Amino acid sequence: MSDATVAPLLDHGCLIVHGPDQPGLVATISDWISRIDGNIVSLDQYSDNPAGGAFFQRVVFHKSDLSAALPDLREQLVDLLEPYTMQWQLTDRSIPKRMAILASTADHCLLELLWRHRRGELPVTIPMVIANHTNTEEDVRSFGVPFFHVPSQGADKSAAEAAILELLIGNVDFVVLARYMQILTDGFLDKLGVPVINIHHSFLPAFIGAAPYKRAKERGVKLIGATSHYVTADLDEGPIIEQDVARVDHRMSAADLQARGAYVERAVLSRAVQWHAEDRVIRHGNQTIVF
Amino acid sequence: MSDATVAPLLDHGCLIVHGPDQPGLVATISDWISRIDGNIVSLDQYSDNPAGGAFFQRVVFHKSDLSAALPDLREQLVDLLEPYTMQWQLTDRSIPKRMAILASTADHCLLELLWRHRRGELPVTIPMVIANHTNTEEDVRSFGVPFFHVPSQGADKSAAEAAILELLIGNVDFVVLARYMQILTDGFLDKLGVPVINIHHSFLPAFIGAAPYKRAKERGVKLIGATSHYVTADLDEGPIIEQDVARVDHRMSAADLQARGAYVERAVLSRAVQWHAEDRVIRHGNQTIVF
Amino acid sequence: MSDATVAPLLDHGCLIVHGPDQPGLVATISDWISRIDGNIVSLDQYSDNPAGGAFFQRVVFHKSDLSAALPDLREQLVDLLEPYTMQWQLTDRSIPKRMAILASTADHCLLELLWRHRRGELPVTIPMVIANHTNTEEDVRSFGVPFFHVPSQGADKSAAEAAILELLIGNVDFVVLARYMQILTDGFLDKLGVPVINIHHSFLPAFIGAAPYKRAKERGVKLIGATSHYVTADLDEGPIIEQDVARVDHRMSAADLQARGAYVERAVLSRAVQWHAEDRVIRHGNQTIVF
Amino acid sequence: MSDATVAPLLDHGCLIVHGPDQPGLVATISDWISRIDGNIVSLDQYSDNPAGGAFFQRVVFHKSDLSAALPDLREQLVDLLEPYTMQWQLTDRSIPKRMAILASTADHCLLELLWRHRRGELPVTIPMVIANHTNTEEDVRSFGVPFFHVPSQGADKSAAEAAILELLIGNVDFVVLARYMQILTDGFLDKLGVPVINIHHSFLPAFIGAAPYKRAKERGVKLIGATSHYVTADLDEGPIIEQDVARVDHRMSAADLQARGAYVERAVLSRAVQWHAEDRVIRHGNQTIVF
C-alpha cells in the first residue's frame, strides 16, 4: 500500500486474481506471465488462511505491445484460471480509468481531486462532474472538466437518478461521491453497475445521525476522522478503503471540528481514489485487501 | 496540553478555577497571586463563550514556604471567589496524588503505569494495586507496590465491591482501571468519591458489544484506537481525556489487532493518568478541558 | 495551539507581551483589561524559567468599540508596561493581516493558501502574489488575487529584489515564500521589515544540499517531512513554527517521495501561516512559542 | 509491512531471494514451491527497476514436516537459483532467532524488548543481555534472561570487545544495541558476523554531535523522532529499518524532550526488531526493503 504517484504506464498489465486458495496458484500465474514474455514488476499476494481460505494476488508486469496482445491474453486467462474457479481482471495500465465525480455544495473533496488530477497524480480521466447545485460550476470548468447540473427533486429521486444514470452509463468506470449529500437508491447502484466510492466523517466513538460534529464537540473527542469506502446497499457500511484522523482540542468549536475534518476527508478520499484507480483494492466480503 | 514529565515540585501551587465566565476573573486571581508574593509559572485560561459561557483557568505559581501557607491561602480563596460562585481547587504540587490501580489478568496497562512511575515520569504514589486475579502479583510486588487480591464473586458484586472500597477509601486520591474487566456499580462510584479513569478500545466506526476486534477485522478497518475517560454512571460514556490510533492492515488477524491495540491503550492511558495527576484536566459536563 | 479556524473578529483585541519574567505581570495586564471594561476570551501564558527567565503572554479580549479606543489603549499600555521593559503588541482582530505570497513554478503551496483563504479559513487579505515565472498567473487571478511577474535576473539579484520591494513595502504585513526558489539577500530582509515565512522539506536525518529526495531514497528513509520557519539571515535556520511528516516506503521513487512531500509542505505551511495570522506565534531567540 | 505479531509457526518456511531482476524468477520460485508440495501463505515481491534493476522476494509457505525436509530443500535451491546468481536464505519459521541485547544504564529499550518477548510478541529467544553497567541486572534476571556484565575499559576497547565476542559468537543470530553507549569498532563487527540493530534519536533537521536534545530545544523543534538501523562501519549511517516521531512543544524542557524521545525509541526499536526477527527486512546497498 503506497502513496506513490503512478502515472499511466505504457505496456504494463495489471492482473488481479482472487478466490479460494489452492496450491500452485502463484506458480500457475507467474509461469504464465513468463510464457507470454512478460516481466513481473511487482507482485503482492495474500492468503487469509492457507488451509481453505481466500487467495488474493495483484501482479503488475511489463510486456511489449501489450495493448495489441490483450484480447488473446484474456482468452488464455479464461482457460488458465477456469479450473481454479477464480475471479480475475486484467487491465492495461496505460489506459486510465474514467472517473465521474458527484458533488453537492461542499467543494473541498471535489477540488482536491481535480487538483491532484491536474498535477498528474491520479491515473484517471474525468469525463464529468455532476452536481445537484451550481456553486462549483465555474471552478470545475476552469479545470477543463465538463460540469452537469442535475438538481435534486425532493423525496422522489427517480427522475434525478434517471438523469444521472443517463449521463454516467457507458461513460465511466467508477464514480466518486465527493460529499454528495443525496442518498442513492439500491436501484441506482444496480443500474449503474460500476464501483462507487464515498467519503464520510468518522469518530471514536461513532456519532451516528444528525449533527455529528456538534455531538463530538459535546463529548469532547480528541480525534476526528474520515472513512472512505465502497458504497453498498447498506449506507455507510460498505468495505472500508482508507481511514485517517486529526487531533483536535477543547478550544475548537463544532464548526472548527468540521473545518478540520474537511482536510482529513479530502486526504483520505484522494488516497482511496488513487488506490482504486491503480487496481490496488480488492473487495472481499465487507473487507478490502489494499496492496 | 503537554507530554512534559513534571516531577513533584517544591513550593509550587496549582490553582484550578472554573464556573460561569465573568469580567475581571483573571485580574482578581492574578492580582491575588501577586499579593501573596507568588510568581506565576504557567497560566492557561479558556472561555467557551465570552458572553455568558463557562470559564476555566489553571495557574501554577511559585511561593516560598507554600505548604505552611496553604491553610491560610485556602481561606483567602474562599473569600476571594465566593462572589463569583466559582468552583476551585488549590493543590501543592510537591505532594503527589495517591493512585490505586485496579486490574484483571491483562498486564500491559498495569505494567506501563508501574514502569513510568519507577522512571519518575508520573507524579503520583501508588499505595496499592487491586486485582481480581493473581497472575500479576509477583510483577507488581517487584516494583515495591502492595498487591491485594479481591476475587470477583459472580453476579452479586456487593461483597467484592465492599472489600475494594474498604481498601481504597481514605487511602487514594484517584483510581485507574487498567483493563479491569468488572463493571462497577453506581453505588460503588458514589461511595468511592474520587475520580476513576478507564481505558477502552475505540474504532471508527464504533463496534459496541462483544468481540469488537473480530468485528473490526470483518469490516476491514484501517485504524484501531483507544480512549481514556472518566468513569460515570454511563459505562464508557464519560468525559474523554485522551485518544489515539494506530494503523493496521488486512494482513493482521483479529488477535494481531488486539495486540496492536494494547500498545495504543497503554500509551493513551499513561498520558491521561499523567495529565490528571498534574491537575491538567478539568471536567465540564461530559467534556474535558485539557490544559 | 489549535487548528481552529478563526475568522476576523469584531471588537476583539489581541495583546502579546513578552520579555523578562517579573512578579505581578499577569496581574498588571489582566487588571488593566478589567479596568478598560474588556472581557478576557482566552489567555495563554508561559514562563521558561520563573526565576529570571522569559515571560510570554497572549490574551484575546472583547471590548466594545475597540477600534475607536485603540489609540488610547496603546498609549495606556506604553505607560503600563514601561516599568517592566516588555515588548508588546496590541492588534485589532477584526483587521486581517495583509499577506503577500512569493512563488516560483511549483503551485502546491501557493494554491493551498489561495484556496484556504477563499474558504474563509485564513484571517488575512492577499494583496498580491509575486512570482519569478508566469505559469501560475491564470490560476492566481482566478482567485481574484493580483499577480505580478518579477523575473529573476541571474547572479545579481539587486534589480529583481528592488522591484519586489517596491511592490511589497507599505502594502503587506508579512510575506510567505510558497516554494519561492530564489535566495533572498540579507539586505532584502532588512529593507522589507516585515516577517517572512518559509517552507522547506525535512528529513530524519537531514539531507542538506542538492537532490535531497534522491539522497533520502538512497538512504531508504521511512518518513519525509516539512518545516515552516521564519526567514533569518541564516538560510533555513530560522525559528521553527511548525513541522510534520508522512510515512513512505521502499516502493516509492525519489519522484514519489517529492510528490508525497508536497502534501506535507502545503499542510505545514498553511498551519504556520494561520497561526502567524492569528498572532499565536511569538519569536524568542531562535525558538517560537506557539500559543 | 505489518505490525502483526507472528508467533513461531510450525511447518512454515520463509524464503528470501534477491539479486539482479530477470524474467521468470517468480515463476521459477513459485513453481518450485508447488513441486515440493508447499502452499504459499504470503508473497511479497518488489523490483526497483524491471529493466535491469534489483529483485526482492519474500515468500512464506506451509509444508508438512518442513524441518526434516530442510537440508534437501536447501540443496534444491542451490541448483534452482544458481543460474540466476541470486542471494537467498531459507528459514524455518518454527525456529526463533537468537537475539542478544547490549545495554548501558538506560533501561527503556531493554525492558520494552524483554517485556514484548514475555508477552509472546517477538519470535526470538534471548540467550543473554550484556551490559557495561549493572543497574539493570536484577530486572533482566527477573525475566529469566541471563545477564552478563562486561565493564567498559576506557579508550582501548579491545579487552571489553573480546569478552563480548566470546559471549556472543556462536550463540546468537543477531544483536540489538538497546541504547548501548559504546561505539563498536569495525573489527568487532567483522568478527561478530551477525547483523547488529541500533536505535538513535532523530530530528528534522538533524542535530549531530553532543547534547542533541538541548540543541533541539534551542531551535524549537516541533517533532522529535527515532531511527532504527543496521550498524555498519559508518556510525549511525547504516540502512534504516524504521523511523517514527512524536509531537513536542515549547513548554517541554530538554529533559522532557529526552523523556518523550525514549517512548519513540522503544516503539521504533521494537518494530525494527520484530520485522528483522520475522525476516521481513532485506538489505540492499544502504537501503532496506521492508515487506
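Which chain is which? They are A, B, C and D, in the order written, and residues in each are numbered from 1.
What we mean here is this: a residue touches a chain if its C-beta (ideal position, glycine included) is under 8 Å from a C-beta of that chain, and two chains touch if they have at least 3 such contacts.
Molecules present, by chain and UniProt name: A, B, C, D = Formyltetrahydrofolate deformylase.
Keep in mind that this is a model prediction, so the values were computed, not measured.
Undergrad: Measuring centre to centre with C-alpha atoms, which chain is farthest from chain C?
TA: Farthest chain from chain C, going by C-alpha centroids: D.
Undergrad: If you list every residue number at the chain A and chain B contact, are more than half found on both copies (same) or fewer than half (different)?
TA: Same; most numbers are used by both chain A and chain B.
Undergrad: Could you grab the centroid distance between chain B and chain C? Build each centroid from C-alpha atoms only and quote it in angstrom.
TA: 36
Undergrad: Please work out the Cα centroid separation of chain A and chain B, and write it as a whole number of Å.
TA: Distance between chain centres, rounded to whole Å: 41 Å.
Undergrad: Could you say which residues in chain A touch two or more other chains, in rising order?
TA: Within chain A, the residues that touch at least two other chains are 42, 46, 249, 251.
Undergrad: Hey, which residues of chain C end up touching chain B in the complex?
TA: Against chain B, chain C makes touches at 21, 23-31, 33-34, 37-47, 50-51, 62.
Undergrad: Which of the residues in chain D come into contact with chain B in the complex?
TA: Within the complex, chain D contacts chain B at residues 2-5, 42, 108, 111, 115, 119, 121, 142, 246, 248-249, 251-253, 255-256, 259-260, 263, 267.
Undergrad: Where on chain D is chain C touching in the complex?
TA: So the residues of chain D touching chain C come out as 1, 46, 48, 202-206, 208, 217-223, 225, 227, 236, 239-245, 249-251, 285-290.
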